Amino acid sequence: MELTDFRTAIDRYKVLFFDAFGVLKTYNALIPGIEKTFGYLRETGKEFYILTNDASRSPEQLAESYHRLGLYDIGPDSIVSSGMLAREYLQYKVENGTVAYLGTRNSAHYLETAGLKALSIADLDPENMDDIRALVFMDDEGFDWNTDLNKTLNLIRRRTIPVIVANTDKTYPMGMKTVAIAIGAVAKMIEDIVGKQFMRFGKPDAQMFIFAYQHIQNNPGVSRSDILMVGDTLHTDILGGNKFGLDTALVLTGNTRLEEVDMRIRSTGIIPTYICESAVVK
Amino acid sequence: MELTDFRTAIDRYKVLFFDAFGVLKTYNALIPGIEKTFGYLRETGKEFYILTNDASRSPEQLAESYHRLGLYDIGPDSIVSSGMLAREYLQYKVENGTVAYLGTRNSAHYLETAGLKALSIADLDPENMDDIRALVFMDDEGFDWNTDLNKTLNLIRRRTIPVIVANTDKTYPMGMKTVAIAIGAVAKMIEDIVGKQFMRFGKPDAQMFIFAYQHIQNNPGVSRSDILMVGDTLHTDILGGNKFGLDTALVLTGNTRLEEVDMRIRSTGIIPTYICESAVVK
Amino acid sequence: MELTDFRTAIDRYKVLFFDAFGVLKTYNALIPGIEKTFGYLRETGKEFYILTNDASRSPEQLAESYHRLGLYDIGPDSIVSSGMLAREYLQYKVENGTVAYLGTRNSAHYLETAGLKALSIADLDPENMDDIRALVFMDDEGFDWNTDLNKTLNLIRRRTIPVIVANTDKTYPMGMKTVAIAIGAVAKMIEDIVGKQFMRFGKPDAQMFIFAYQHIQNNPGVSRSDILMVGDTLHTDILGGNKFGLDTALVLTGNTRLEEVDMRIRSTGIIPTYICESAVVK
Amino acid sequence: MELTDFRTAIDRYKVLFFDAFGVLKTYNALIPGIEKTFGYLRETGKEFYILTNDASRSPEQLAESYHRLGLYDIGPDSIVSSGMLAREYLQYKVENGTVAYLGTRNSAHYLETAGLKALSIADLDPENMDDIRALVFMDDEGFDWNTDLNKTLNLIRRRTIPVIVANTDKTYPMGMKTVAIAIGAVAKMIEDIVGKQFMRFGKPDAQMFIFAYQHIQNNPGVSRSDILMVGDTLHTDILGGNKFGLDTALVLTGNTRLEEVDMRIRSTGIIPTYICESAVVK
């Protein structure tokens, strides 16, 4: 393994795709120095997008969360969230009616802007499930797991409706050494129990990358070889970027640590184009 | 598929192994007429055991639960629960110290009678996990899923300790058309997240059957061909019985319904020796 | 379940995506009457594409195979094969050097047109693997399974290179009641053994649908709601079409039979927009 | 991790269970010095058994294979093979008729001594499958994978019969750096394709350990805490031994290497009682 300087790596590309958690920020702070990277991108006129497996909040709220931390370069238009993919699916395939969801009140944004009535699983009456048109796993917060996961299970057993998972992650970081179960793992448990096939949206799936690719407007001549995907996780960021035909940079500020990076690449067979200490331009 | 009269089936055997849920009882009632079966077993001098994936209560408490419903033939000595296998493991392999558990206060019985200090996951201090010697998934009740499953996940990530699953079922019936998530499914979710290998106890595993087999004392001449396993679930009761070399009877009062039994046998490849409407001797 | 007349279904759409096996043809014959469908498409000016999990032959050879059976409407430009996606990946990510492959001599087409040197696994010298840049599972024919699968396994264990699966199907039909193991199942076995992550191309993955979507040139105003995906398999054609936001028609001339269609939809949770007896316009 | 001297470890036990491959021998040689261990066992009167996932040959032939290499202490009575468990199952549950098998001519021993007619898959006529009573995966040699695995798949699809896997290993070592696909991995591929449930015999399953446990005759007072399981593989030898309540010793002459042992134990959560350089008494 050889480390590449991050600036050297990005100088070869016109557009950057960034993962959020573990690359730009931790649970409640920015990666120290990351604002210098966005200054450099501004100077050099490089376009960028944030590709994030997150359906807990709207792009506007996600952008604000960076502003609150002191990073003002990221606007809603730069954010591609897995919640947006779920919304697109619902617009094409469900169209109208009531959709039940697991998640925070904020996560309902993606359902309501699709023109649907959003009903929190916490408010679902088990005796009155007949007009539910779809079920969406959005976020791990906003409901009581003991009672509402059983309600979810029985809804899926009784009704043949589309089930959508808007964040495929298994865990997310809470602190330096603590993680929390993400809604993707909960959805997988229910899927295993019922034996049905849910529809998943988020990295490493190609749709996430295509969605961002189609948003590249300022650079009409951009091809896939002009884009670098920057992430901290082999199984989502790097695998997805590779499969979509992009070059990829693995950074070591999140899920993958320096001392294990060689072993992880060898054992998974997922090979980034570059390995960089962090996404900070020094 | 041909239905066999239950009495005709059992007349060929000296010993009966029964599953509990869906065979002898539903969530809060006996299968109507099941007391006649136990009268017949008494008359004909056939021995029987209840093999149940259940670690929520001690054999004494499980026996009492039948007495409360009006069935007095089942004593603690007739019950082989998956909790007993977990206890046996702990006696051989953990010996002393504190064991954390997910489950009701009653489920701690299996840990305490193994000479161990039982600490509910609800009472575990995340900052003070160093003296935990093992973790046991006992039952789905007795803790807060939102907070305590994350605590469980972080305990397993930080400490290299044995993790035991004392009930491998994915769901259990709550009412005629309602099921609840069992602790086996929750344990599987955590196991998938951490990528470690937990130790599972319960049907269809051979240990459950061996445990019962070794309890057959009154009938020294009993061989496996003298035993009939009676259950309502192909993947646990029938598969486990078959694999242990027993004849098996599938009854249609629980997880497997008459209209689907042919299709289920064909699609799973799990083949019972007999199919009977119920375990009731008429 | 209600059957929809195929003509009624397609009259609502401008563009049709067809699966090949089980929809247009069986192993060595056309679905009787299917040429009438293509006559109708010609008359009504509807555009169509064949989306097929097949990397055994080039689009030209695939088109010829329809011509030999008497169907002349399908040209190479109408065919989107999973082999084309694998080729695209290789063009972006491997660029030059030698690529080992499992498959027929014809399947090497996709590698050679990507500017790569193709080396059949049958010709690979186990003592001389150092310059292999990638490995591709193309097709189940063209090599000796006993010896060459072991060679494949050891190549993947020793070298950290991208492994590509250009056909994700598990089986393909040989005759009315006989199936054969497809290369997707073989690749899955090797992937399970080594614990690495291969890159899969083919339905139900979004990339297949995007590839076809981008080929729609004659109809600049076509949106996803103008397209109908027609297939015989819930897990690939219908799931993939649904997830991409297309309406879907399940036909009963292949993997899914009339008597089981209700049960299959209910048990998988994969719901087509229409169910049609066949893709034949009467 | 701390290494324990092998003699120190075994001095605490009355009975030893040994894995074969990677502990006593490699593909075609003994582990250097292993004969000293058996001399020591003889002197000290310790009993031992070889527990091996192997159905390619009879216990007599397996014992002879040690004799040919110069180790004369191992007789047929000391060998517990997974083939013996499969035979026991067949004796109880199939009784008579023809059983198809995948494996060498020698592996048919386990079927024929169960009183059954053994028919190699290579000799099975696909048009004449009606009197096959069961199918057994014995060994990876003795048949043509290209043709006979498809025959196997179609047999299982057409007939609802028990399918037995008499060796659950995924690979076996061929040389210092080369492995071969074992029949367990092939069986898993077919099982995944058909979606049926096969019956597996071999470590880490409890039945293997019980079988050996019941053979301990010379030491009537032996309990589980008097037995040490010695193996080179965490997922079979150590997991199975632990779960059965035995103490376990991991040796580093086979599947687990010194430099990775800590990481493997931490990442799998499978914890041996001792780690020893080898099973050689110095």
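For clarity, chains are labelled A, B, C and D in written order, and residue numbers in each chain start from 1.
Following the convention adopted for this analysis, a residue touches a chain if its C-beta (ideal position, glycine included) is under 8 Å from a C-beta of that chain, and two chains touch if they have at least 3 such contacts.
All of these numbers come straight from a predicted model, not from anything done at the bench.
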Exercise for review: Could you run down the chains that neighbour subunit A and subunit B together?
Suggested key: none
Exercise for review: Name the chain whose C-alpha centroid is most distant from the C-alpha centroid of subunit D.
Suggested key: A
Exercise for review: State, to the nearest whole Å, the distance from the C-alpha centre of subunit A to the C-alpha centre of subunit D.
Suggested key: 44
Check your understanding: What whole-number Å value describes the gap between the mean CA coordinates of subunit A and subunit C?
Key -> 28
Check your understanding: For subunit C and subunit D, what's the span in angstrom between their mean Cα positions?
Key -> 40
Exercise for review: Send over the residues of subunit B in touch with two or more other chains.
Suggested key: none
Practice item. Name the graph shape formed by the protein chains and their touching pairs; answer line, ring, star, complete or other. Key: ring
**Study point:** Each pair of chains that touches, named by its two labels
**Key:** A-B, A-C, B-D, C-D
**Study point:** subunit B - residues contacting subunit A, complex
**Key:** 126, 144-146, 149-150, 153-154, 157-158, 170-171, 174, 177-181, 185-186, 188-189, 192-193
Study note, to complete from the structure: Given the complex, residues on subunit A that touch subunit C span 88-89, 91-93, 156, 160-163, 194-199, 205-207, 210, 224-225, 235, 239, 242-246, 265-271
